[in-house]
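I'd like to ask some things about the structure below.
Chain IDs A, B and C follow the sequence of writing; residue 1 opens each chain.
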């Protein structure tokens, strides 16, 4: 039994139907405690005050914003090479989730940035990259919506996703070249707690839990939406047969 | 190949304004800026590189939606696909023809408009150089976008939405090279990065565009 | 030298267009493709031309399987409903372009055959529907390929031109060529064979091809 067995719509529906309630439950059981812990049970930061607690939403959504696009890249590639319908539909299903995550990351970033930097928006490389990312998501969703023939739409949006991924990476470095920013170094040091990093363990533990929670939430939404897309395709196929 | 290029140029010149349309658009966009930001010479000189680059960007976008659309509507695309010429080559030739009819006139026109915007003297050479090296990338990226949106409802609007974000790196490097030169600094880092990006684009996008065109034929 | 279709079927958007078509055309043969509207005549021609992928079955042309796309396509020419004519170019320019792209030589002869010489310098947008059609068909004759795929070629042609065109097809077949023609009228060819396509019920074969229909969904 290989992993490609799940590329069959019937098998995918059967398996995802069984898994979905568990993933949903697990997502809620992780996310709710993580947010309660983060918002109410951690101390305020010495310099940033209570504002720092936005980190429990901002960092997980930013993390997903990038990784959902990467997931779309991989599933689009699988569709282009192996023609597995579930793969293409998973990419389609992921896009709006990714777009919303990017939007939340942008908004929470603005809300966080206002007291920190004294302005809602700065043309900082990282913020700008996320804005570009958001536009890529919008373009991808719009292309899917504009084409009636489902397989054609899958092909073309997969091609767009390939081009978009390449240019998203180029844009990231171009934007760095363009402006030096205010945004703190990177989220990566967050993962290694210790004396030399900016974020201490008190913040780090609920943050990790929150990232896990958001990831599970994404997984649950993705399964749900992919199932909807598959059902939609089946309805169309059944209609075509009746006609 | 030469036959296709000649035909593309003929078509561009004979259909409603052709190259002139893009140039006129470029002129108007650049002309609108002083009305928006005021006639202060210093301010204009400061933003001139960016304005000229954005104008060029929008002008080259203008005729993109017709790049494959008319060929698809009148059946030419079917026959081209059956011809001995590979679709990748077809895309490259058409993108090159698009550059000759929209990009190249912009390169020639830009210094004149730079004068009206009080662009510093040291920047002219680099304005021309950066536009000459950067606008081909716009045509080639645009060709990929046009190939994806052939035959799509409201394709023109969608095309702008898809293509403009892809123009960002070229815009950044191109405008930066010009403004570095305007400030009397060394524009080479920005310029070489942009030239590299253009070469990369020319090498990559014909394949993506050809793949998209094949999808449309079915 | 022959065209051979083996249990060919085609599926579009989850819908079966035609199923299990088998046919052989030998050199020198012209086959008329007939059938009610929606039977899939146009689609069949496009599938043979390689513009639409077949869901199942095989096509070979002179022992070249259609999986060798380039070799296969270099032996055929196709004329669909659209004439692939650019209105901005003159009649001669239009035909000249296709001749160059397909490396054809007998341009003057073809121009005469299709009575295009007298309108050679007329822009195509000033031509009547019948003249455009003649120009579109001249493209077929100029490419000198063994297999002609023609989709309703005589639409908007007058009786005289139709007769001339039939003579061209006869000459092509007499020289060992093949023609597969979807048409509703009697072309007056010397020895045509007829191939009938039945209107197809979409439900017949869809389940085994469509991943969203086959399998146990309960």
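Simple rule for what comes next: a residue touches a chain if its C-beta (ideal position, glycine included) is under 8 Å from a C-beta of that chain, and two chains touch if they have at least 3 such contacts.
Predicted, not measured: the structure shown is a model, and the values here were computed from it.
Peer 1: Along touching chains only, what is the step distance from chain A to chain C?
Peer 2: When the steps are counted carefully, the minimum from chain A to chain C is 1.
Peer 1: Looking at C-alpha means, what's the farthest chain from chain A?
Peer 2: Greatest centre separation from chain A goes to chain C.
Peer 1: Report the chain ID whose CA centroid sits closest to the centroid of the full protein CA set.
Peer 2: Of the chains present, the most centrally placed is B.
Peer 1: Quick one: report the Å distance separating chain A from chain C, using the average Cα coordinate of each chain.
Peer 2: A distance of 48 Å separates the two centres.
Peer 1: Could you grab the centroid distance between chain A and chain B? Build each centroid from C-alpha atoms only and quote it in angstrom.
Peer 2: Centre separation, chain A to chain B: 32 Å.
Peer 1: Please work out the Cα centroid separation of chain B and chain C, and write it as a whole number of Å.
Peer 2: Spacing between the chain centres: roughly 37 Å.
Peer 1: Could you list which residues of chain A touch at least two other chains?
Peer 2: none
Peer 1: Of all residues in chain B, which are in touch with two or more distinct other chains?
Peer 2: Only 218 qualify.
Peer 1: State the interface residues of chain A toward chain B in the complex, per the touch definition above.
Peer 2: 132, 135-136, 138-139, 142-143, 146-147, 152, 155-156, 159-160, 162-164, 166-167, 170-171, 174-175, 177-178
Peer 1: Chain A touches which residues of chain B in the complex?
Peer 2: So the residues of chain B in touch with chain A come to 144, 148-149, 152-155, 158, 161-162, 165-166, 168-169, 172-173, 176, 190, 193, 197, 204-205, 208, 211-212, 215-216, 218.
Peer 1: Chain C touches which residues of chain B in the complex?
Peer 2: By the definition above, chain B touches chain C via 3-4, 7, 10-11, 14-15, 70, 73-76, 78-85, 217-218.
Peer 1: Which of the residues in chain A end up touching chain C in this complex?
Peer 2: 8-10, 13, 85, 149-151, 230, 233-234, 236-238, 240-243
Peer 1: Please name which positions on chain C make contact with chain B in the complex.
Peer 2: 12, 49-53, 70, 73-74, 76-78, 80-86, 88-89, 93, 96-98, 100-103, 139
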